[in-house]
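Inspection log for the structure reproduced underneath, given as structure tokens.
All chains are identified by letter, namely A, B, C, D, E and F, in their written order; residue positions are counted from 1 within each chain.
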């Protein structure tokens, strides 16, 4: 159960209705996902957050599926249930398979683990020293 | 300054030498990066960690550059200095630009923020309800 | 289900009884909340933790309601279910509304997001340079 | 040193110039803080992020100083250097003293500690049971 | 419900079967725990992860029970349900009592709390200055 | 540079002086470590925090060295510079070697990594099913 009630379509007016309509039409949804209903108690914040997400996902050069992978990676690191469900579903809708999701998690595993060690031992970074090509 | 001394090439024998040689030859490096030198005080762990990383980065279907992006995303979430330097450098070596790095960070920003809200308000996930196609 | 059983009132003697009595009387409760029952397997720790909380909440100049907001903000960042329930309830008991809770979450959102970016890009801090008042 | 160069005033055109001008005029600054310069490589993100921050800090019923305290609390939990400097400075500009900053940290301490224990022991939350008023 | 199906014994061939057999025989289990079944969609990762864990737990000089305590401490800090259950069970199998688990949590509490304060106030570390022995 | 000035011995009176004296005498130190000086702006919090630490480290059945290992494990997970220095020094003073510190980090690595995967895939925990002894 959420800690605040979800704002329902019936109660949505002004900015909230505009954003709810845009969420539904731009994503082909019949219902506004709960995250947006929960934060709709602050209409301006709802609008800013939705605008930000649209721009982040819909502009730029990084592939949409890659952005969903990053969403899953960050959500696994932060252990966010809602977000893991939501973005794993999105990843599957874009063609993600069980094997790919576990491959993604193996990357998340390695870097969560090695981050703690690199920070924990206070390892200094020095730029890579490339081997010279062996000519002659 | 690191919390343990780095194992130097001179002191590397057995498993450590094998791994150090593999790191240098497989990556075209003249010097073993400090992370691997720091953990070389436990040779088996060094070997397992290096094997795991090679397999994670070199097998599967997710693009290598995408894996570096995920490394950066996780490292930003965990605030790991060494890893941020190391994987931003790797991303640039694979063609990453300033604009792309900031685009990546905008995704990291959004999900670190919304993870805290979705968890903080304990929002329930329900699968998306798609709008029916309007036919007739 | 908790990973250790809760210490019941019947089993409470010595330090544990004293702390349980103080929790109930100082907060007007008929039952000791589960957190305190869980840690009561180490009576001295129970007492130190309870003392620390009382002093933190009951002394100083920061308003009690603000302290509950900080508790919610930290608990959302750490994704602690128990604590989110407990301190949202406390916030509501002090007059917190749905709108205010979402306003609080919008602040938590922004800083969790921007923290990851500021750390992730390793942005240097330099003190603000104020514009001079334009006089003449 | 940051992982991307800061966008300078000279290089700012279009959206970036508008946002930079708004940052300076609304805050009375002669120079745009580095955080905004770093993310300006993605002009739309810069604009959305700045808009979101302005609305979060400038609207609603939670006091501005309280919002800065929450910023510090979240930044301490996430260990974000830039943000800790920036928002401690902001807190001092609003009258915050050494004593108040440490009082804030004592709250941050308690909840970071108890969050780990409540989650770590998987303590169940049950709503508080109030003692009945003793009448008769 | 997991986000990927568990690989069942029936479906296990090649590397997966070898690892599943090793997990069962080395731990005296009739069934492979769900964590390993979930990641078995990537057989090489499954094998590397299992090898790494065996070597970490079975070699070196740190006591096995201490390693389980560290597993619980890290899992409480990260709030990982599966891992808390799994390693608290392991700790109990090695003789851990309710009192000891709460004692462990009191250490986890203190350092999660004080970490946030030491980082939050940006306290400098200087090596301890020992008092001279008072002789004469 | 810390975000609040350190309270010096000269400025210490009342509770602060008592705690400073206890820190120095109980630990054989000539100078109070900076952490305690930083929080001394709130004398009661200083006293409660110091009491809590003394009781946590000095009572119970978990070995002192193990408690320092847990401190290091938590601090690596949270990436706390001050605490990593302080507790690695303490571990060395109790006989910790480079090999042991890296062994500890290998455990920290594994569980930070696997925590993210177990949470990220939302793996269900079921208690271990032991193989029956094969008798006949």
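Quick note on the criterion: contacts are C-beta pairs under 8 Å (C-beta built on N, C-alpha and C of every residue); 3 or more make two chains touch, one makes a residue touch a chain.
Computed from a predicted model, the values in this text were never measured in an experiment.
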Other chains in touch with both chain C and chain F: A, B, D, E
Farthest-lying chain, centroid of Cα atoms versus that of chain B: C
Cα-centroid distance, chain B relative to chain C, in whole angstrom: 33
Separation of mean Cα positions, chain F and chain E [Å, integer]: 17
Separation of chain A from chain E, taking each centre as the mean of its C-alpha atoms, in whole Å: 27
Chain E, residues touching no fewer than two other chains: 3-4, 38-39, 42, 45, 49, 52, 56, 60, 75, 77-81, 84-85, 99, 101-103, 105-106, 108-110, 112, 114-117, 119-122
Chain contact topology (line, ring, star, complete or other): complete
Touching residues on chain D, where the partner in the complex is chain F: 79, 84-85, 88, 98-99, 101-103, 105-106, 109
Chain E residues within the chain A interface of the complex: 3-5, 38-39, 41-42, 45, 49, 78-80
Interface residues, chain E side, partner chain D - complex: 72, 75-77, 79, 81, 84-85, 101-102, 105-106, 108-110, 112-117, 119-122
Parts of chain F lying in touch with chain C, wherever the complex brings them together: 42, 44-45, 48-49, 51-52, 55-56, 59-60
Contact footprint of chain A on chain B as seen in their complex: 1-4, 24, 27-31, 33-35, 38-39, 49, 52-53, 56, 60-62, 66-67, 69-71, 73-75, 77-83, 85-86, 89, 99-100, 103-104, 106-108, 110-112, 114-132
